[in-house]
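Data first, discussion second: the structure below is written as structure tokens.
Per-chain numbering from 1; labels A, B, C, D, E and F assigned in written order.
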Amino acid sequence: MRPSGRKTDQMRAVSFERNVSKHAEGSCLVKFGDTHVLCTASLEDKTPPWLRNSGKGWVTAEYGMLPRATGERMKREAASGKQSGRTQEIQRLIGRSLRAVVDLGALGERQISIDCDVIQADGGTRTAAITGAWIALHDCLKWMEARSMVKVEKVLKDHIAAVSCGIFANQPVIDLDYLEDSAAETDANFVMTGAGGIVEIQGTAEGKPFSQDEFLTLLGLARNGIDELVSMQKTAIG
Amino acid sequence: MRPSGRKTDQMRAVSFERNVSKHAEGSCLVKFGDTHVLCTASLEDKTPPWLRNSGKGWVTAEYGMLPRATGERMKREAASGKQSGRTQEIQRLIGRSLRAVVDLGALGERQISIDCDVIQADGGTRTAAITGAWIALHDCLKWMEARSMVKVEKVLKDHIAAVSCGIFANQPVIDLDYLEDSAAETDANFVMTGAGGIVEIQGTAEGKPFSQDEFLTLLGLARNGIDELVSMQKTAIG
Amino acid sequence: MRPSGRKTDQMRAVSFERNVSKHAEGSCLVKFGDTHVLCTASLEDKTPPWLRNSGKGWVTAEYGMLPRATGERMKREAASGKQSGRTQEIQRLIGRSLRAVVDLGALGERQISIDCDVIQADGGTRTAAITGAWIALHDCLKWMEARSMVKVEKVLKDHIAAVSCGIFANQPVIDLDYLEDSAAETDANFVMTGAGGIVEIQGTAEGKPFSQDEFLTLLGLARNGIDELVSMQKTAIG
Amino acid sequence: MRPSGRKTDQMRAVSFERNVSKHAEGSCLVKFGDTHVLCTASLEDKTPPWLRNSGKGWVTAEYGMLPRATGERMKREAASGKQSGRTQEIQRLIGRSLRAVVDLGALGERQISIDCDVIQADGGTRTAAITGAWIALHDCLKWMEARSMVKVEKVLKDHIAAVSCGIFANQPVIDLDYLEDSAAETDANFVMTGAGGIVEIQGTAEGKPFSQDEFLTLLGLARNGIDELVSMQKTAIG
Amino acid sequence: MRPSGRKTDQMRAVSFERNVSKHAEGSCLVKFGDTHVLCTASLEDKTPPWLRNSGKGWVTAEYGMLPRATGERMKREAASGKQSGRTQEIQRLIGRSLRAVVDLGALGERQISIDCDVIQADGGTRTAAITGAWIALHDCLKWMEARSMVKVEKVLKDHIAAVSCGIFANQPVIDLDYLEDSAAETDANFVMTGAGGIVEIQGTAEGKPFSQDEFLTLLGLARNGIDELVSMQKTAIG
Amino acid sequence: MRPSGRKTDQMRAVSFERNVSKHAEGSCLVKFGDTHVLCTASLEDKTPPWLRNSGKGWVTAEYGMLPRATGERMKREAASGKQSGRTQEIQRLIGRSLRAVVDLGALGERQISIDCDVIQADGGTRTAAITGAWIALHDCLKWMEARSMVKVEKVLKDHIAAVSCGIFANQPVIDLDYLEDSAAETDANFVMTGAGGIVEIQGTAEGKPFSQDEFLTLLGLARNGIDELVSMQKTAIG
């Protein structure tokens, strides 16, 4: 039924490879099937201007795709001189999602920048990015803890993971790949904490509008998927 | 309880003033309380490059705020040389929402550009913009119908309206004004059709994560509010 | 003779609507016939870098047009990434004109930014903008006076108003609308004070060069028109 | 009285050096005292898009200053990524002034671009640029005439020259140098044809407003100066 | 002597991983020690404008670094809105180097874009990029050959590889890593063909000028290193 | 043999005109035949941010071409909104070359900016620029010495001059003009000190790769040419 042969509630093979960067304080190569995102966490010893002398720090994110991460080569954003609306939308989402589980006061007047660069894309890059970014952020905080800068459990209050769900061929399915994503009638992204709290919901009717019941089915699929992702994050950092 | 004294399920005073532009094919000044958005619809007799020779047209939207629409003057985007991520996110949302009820084939190879310019802001500019943009779009299609270019009912399949809901002071409330919006724990925007179909859902935890039940309460509030907005649209164009 | 049926020395209906913005310290919606410009004055409690520690303040202006203020939709400057030469020329003119009647020392180390946004255009947007901007500036200073920050009569030395004149169909006429403006052989903008002093003159031959006598006729027309505008300003703030 | 010791109606030493560029179809290094502007005319065998198939050509101008043309080094506009408002204002003025004496139909569907680059600045760069640009334009047309493309006298209907006048130390003076320009109360630029027709007038009160009589005195000074400049142009091309 | 303990004529461990991209027509992850560059080749079925109807194709390259490829996070070029001079210099070099061994006529009217993205940097990113880009280009041509579009040996006339050499601690050494690069007195990059022809030489004195003899020593080191790299390329594609 | 009739080892007529700018602390109009570059040195009493409190100063360079310096008019970089990769490459080269002979500590916390603007181009603009820039830099230091700010011989350790060599029609030749440059098989730029030390070598095969012997022949030609240029610099400042 699904192009990949997956069951409707079956996510792609997910993996986290930690410490993939020689330089970054935390890093993770996350794979959701053929979607590969390199997430690095960079610690800077200053907070943004609007937080100076507030005692608080900041966590921010940037997102990019390599030009040939996709089936057709896209124009390099650095060459075209600006980031697309889509890019900005995604990096704002990643930053917001991470900050939902961070105690910025416990972080202190520092900034952690998470770069999520899509090495290869096959649908669901933003949800993979959020899920992997959490690992990179965690490892950056571990690095800081090793230097007595913070206590990880004070700063990082919970897990964050994300998954997309959608209605494809009249079936609610989880973790859409590119083939599904480009044909889905409805596409929704869910970001939740380890405790099951909802942090972000973004649902869009691509074709005909969707009903509340359909939406609740997607939310249910997402909840199970995110539970699974959080378990895998726990194993990865265990 | 609410700064404005409104009840939790009470929207602000909403009004639509049509034909406010001497030049535009359709126009509407929409007010949600102190949030005032001028929506104009401009017909262009060509479709974007990627639709040429497809027989299909396009509906797109641009969004802007006058620099002193807000409590503190913001930098003029034309002067700073780029549109913010927030601006791009909103104009993409408006365009998507309108296209959800437009039959692009019935429109023919033409483009309608909806400009939503916030004259004065007091929270909820994007939802007011979508709701008013539908009127401007409708009136543009009427203008075209009067010239035998299209049949309105063939192109415009349904109403579209939008409203924000959120959790303010632990209470689910509808149609947040700026004071509520800046203090809300959860903020969600809903876009629905006249038939009650959901077109867009965007929910964000600003503070602590929200639960499924809280979200369903917000969705219920939104459904009632959007029903009301659609009635008012019907009266306005009646 | 004139497309509008006006006499050669007859301006369009002019009106000033004050306090149109909930947020701005001063605001005015000025109408010269179908040309409508929203002028807001924003007080900032710092002066530009080059005036720091000089004891002097600054008055500056920005100008913009909504994309569909005109007969054909224009590209949004924020989207195209820069302000046109015409926009910059006009906003420099507005700022210079206002500063000609302001005692920057009496203002103190503050900046007042006047935003002139053309809601609807039908010729003469820059002269309407200057004339309305003076009201917004005046009201901002009144706001400051009410808070004991300045004395209005110390800062604002005189009125400023502006009008265009031109040679249309071989006739010198005042306050050209778009139809006249686009067909005029000569087009001139005059900015004068309440006392009749000249602050700016900009005359351009669009077709054949003009003579000194023709120019003096235009100047005479402008003088009368500006006297009238200043009277109307006095009534408006009275 | 004047810093340079000149009489009030005395222009600086003016010279035109033709054919200073190996490549350009027409070129002129114009000097008004220490203000030196290199003007080149470049013929392109196509007209701008909006004139295609109109049978008409176009004359346009661009203006720039070398970074150290001035007393203090200015930021290079190419490096800062945009042309200032002042630059755009001046290049629009130069283009308009030249087009006032050109029969665009007689030019045919071609474009002549005049580049005016200020090698050294000492006040009055725009008026020197216009006066020198006319020579470059003339020589470009001569080059075309030699190739039987146009008849110079059909295309170029008259001379164009420009000079600044101002009120310095309460005295009306002509052709202000930098010292005078930066201290003048009133500053006006005049562009006229060989026949004495006025093409552009730009007068600005830098300090207190000026009167009609003062303005007429400046206009009289300008008229004499421009007569002189036109004579010198005639000698130069003679 | 060298921070890495390598001998003066010893390159770092070099490896080529082919087919690392699901989408690109050719791809290679090249590693020179801790310098890792992902090279993808993208075939487009059109040639740049200046080659249209010439029968010739084009090979071009773009270069980028992930923000945290380096010891300190660098600003993302897409966010800062332009590519640095260094980036442009390097991508021009890569493109030129590859074109030196390509018969553009045999390629036909197509363009191959090579993207070289530095995943991790430790000195020598441009030389690694050139060496890996050749593999990606080769594999793209193989892909085309499999579709009967070209003959590889007609298009690709030879190998291209590159290495840096420099004088570090008064010793000529090959393949400088970051520690050496930042302390080297002289730094030179060499690009050569499989047949030993020189395609590019770039030598720069960072501290004191260098002599012809020193330069010839570096050239000798480079020649041996490039011979080795070409052998490794042959093995990789063998 | 050569289009200009020059011998293979014969440079074009070279001249240096000093003090060509009324404003700059040092200036030189350098001519290599029909290539004319205006070099100005501007002293600023502050060092770049990264050198603050280091006791060191900085020498930097910017490069530009007037739009009609070339056979066909090029787009003005200030109008197109960015400097090309070629421009940035050249100005980085000029700055690096000059700094190779400057003791930045002896300069003190000041910056000297060298602007090299090509008034007319006929090949070899970068080498002419470097050679002339040295004169402008020298004269700026002399200006400073006259004000007891520095000792020239402490800051400026040696001469710097540059020349291009290439293989044209199978012959190694020096100082290529445009006709030769655009047809050369190999093109190399050499920057050397008065003492004969090499500061920069940039060699590029435009057509077929070159051999080490060919390269050494070019280097020999360059050495003689640069000796000559240094002698001429000595005469010029003598």
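What to note about this one:
The criterion applied here is as follows: contacts are C-beta pairs under 8 Å (C-beta built on N, C-alpha and C of every residue); 3 or more make two chains touch, one makes a residue touch a chain.
The chain lineup, named per UniProt: A, B, C, D, E, F = Ribonuclease PH.
None of the values given here were measured: they were computed from a predicted structure.
Touch-path distance (fewest steps) from chain C to chain F is 2. Fewest steps needed to get from chain B to chain E, stepping only to touching chains, is 2.
Taking the mean of C-alpha positions as each chain's centre, the chain lying farthest from the centre of chain C is E. When the CA atoms of chain A are superposed on chain C, the rotation angle comes to 120 degrees, reported as a multiple of 5.
Of all chains, the one whose mean C-alpha position sits at the greatest distance from that of chain B is F.
Chain A and chain D have CA centres that are 59 Å apart.
Each chain gets one centre point, the mean of its Cα atoms, and the points for chain C and chain D are 28 Å apart.
The distance from the centre of chain A to the centre of chain F, each centre being the mean of the chain's C-alpha atoms, comes to 50 Å.
For chain E, residues touching at least two other chains, in rising order: 81-83. Order of chains round the closed ring, starting at chain A and going on to chain B, comes out as A, B, C, D, F, E.
Every residue of chain E that touches chain A in the complex is listed here, in rising order: 21-24, 27, 34, 38, 40, 42, 44, 62, 64, 66-71, 73, 76-79, 81-83, 87, 113, 115, 117, 119-120, 122. Interface residues of chain C facing chain D in the complex, by the touch rule stated above, are 82-86, 88-89, 91-92, 96, 100, 188, 192-193, 195, 197-205, 208-212, 215, 219.
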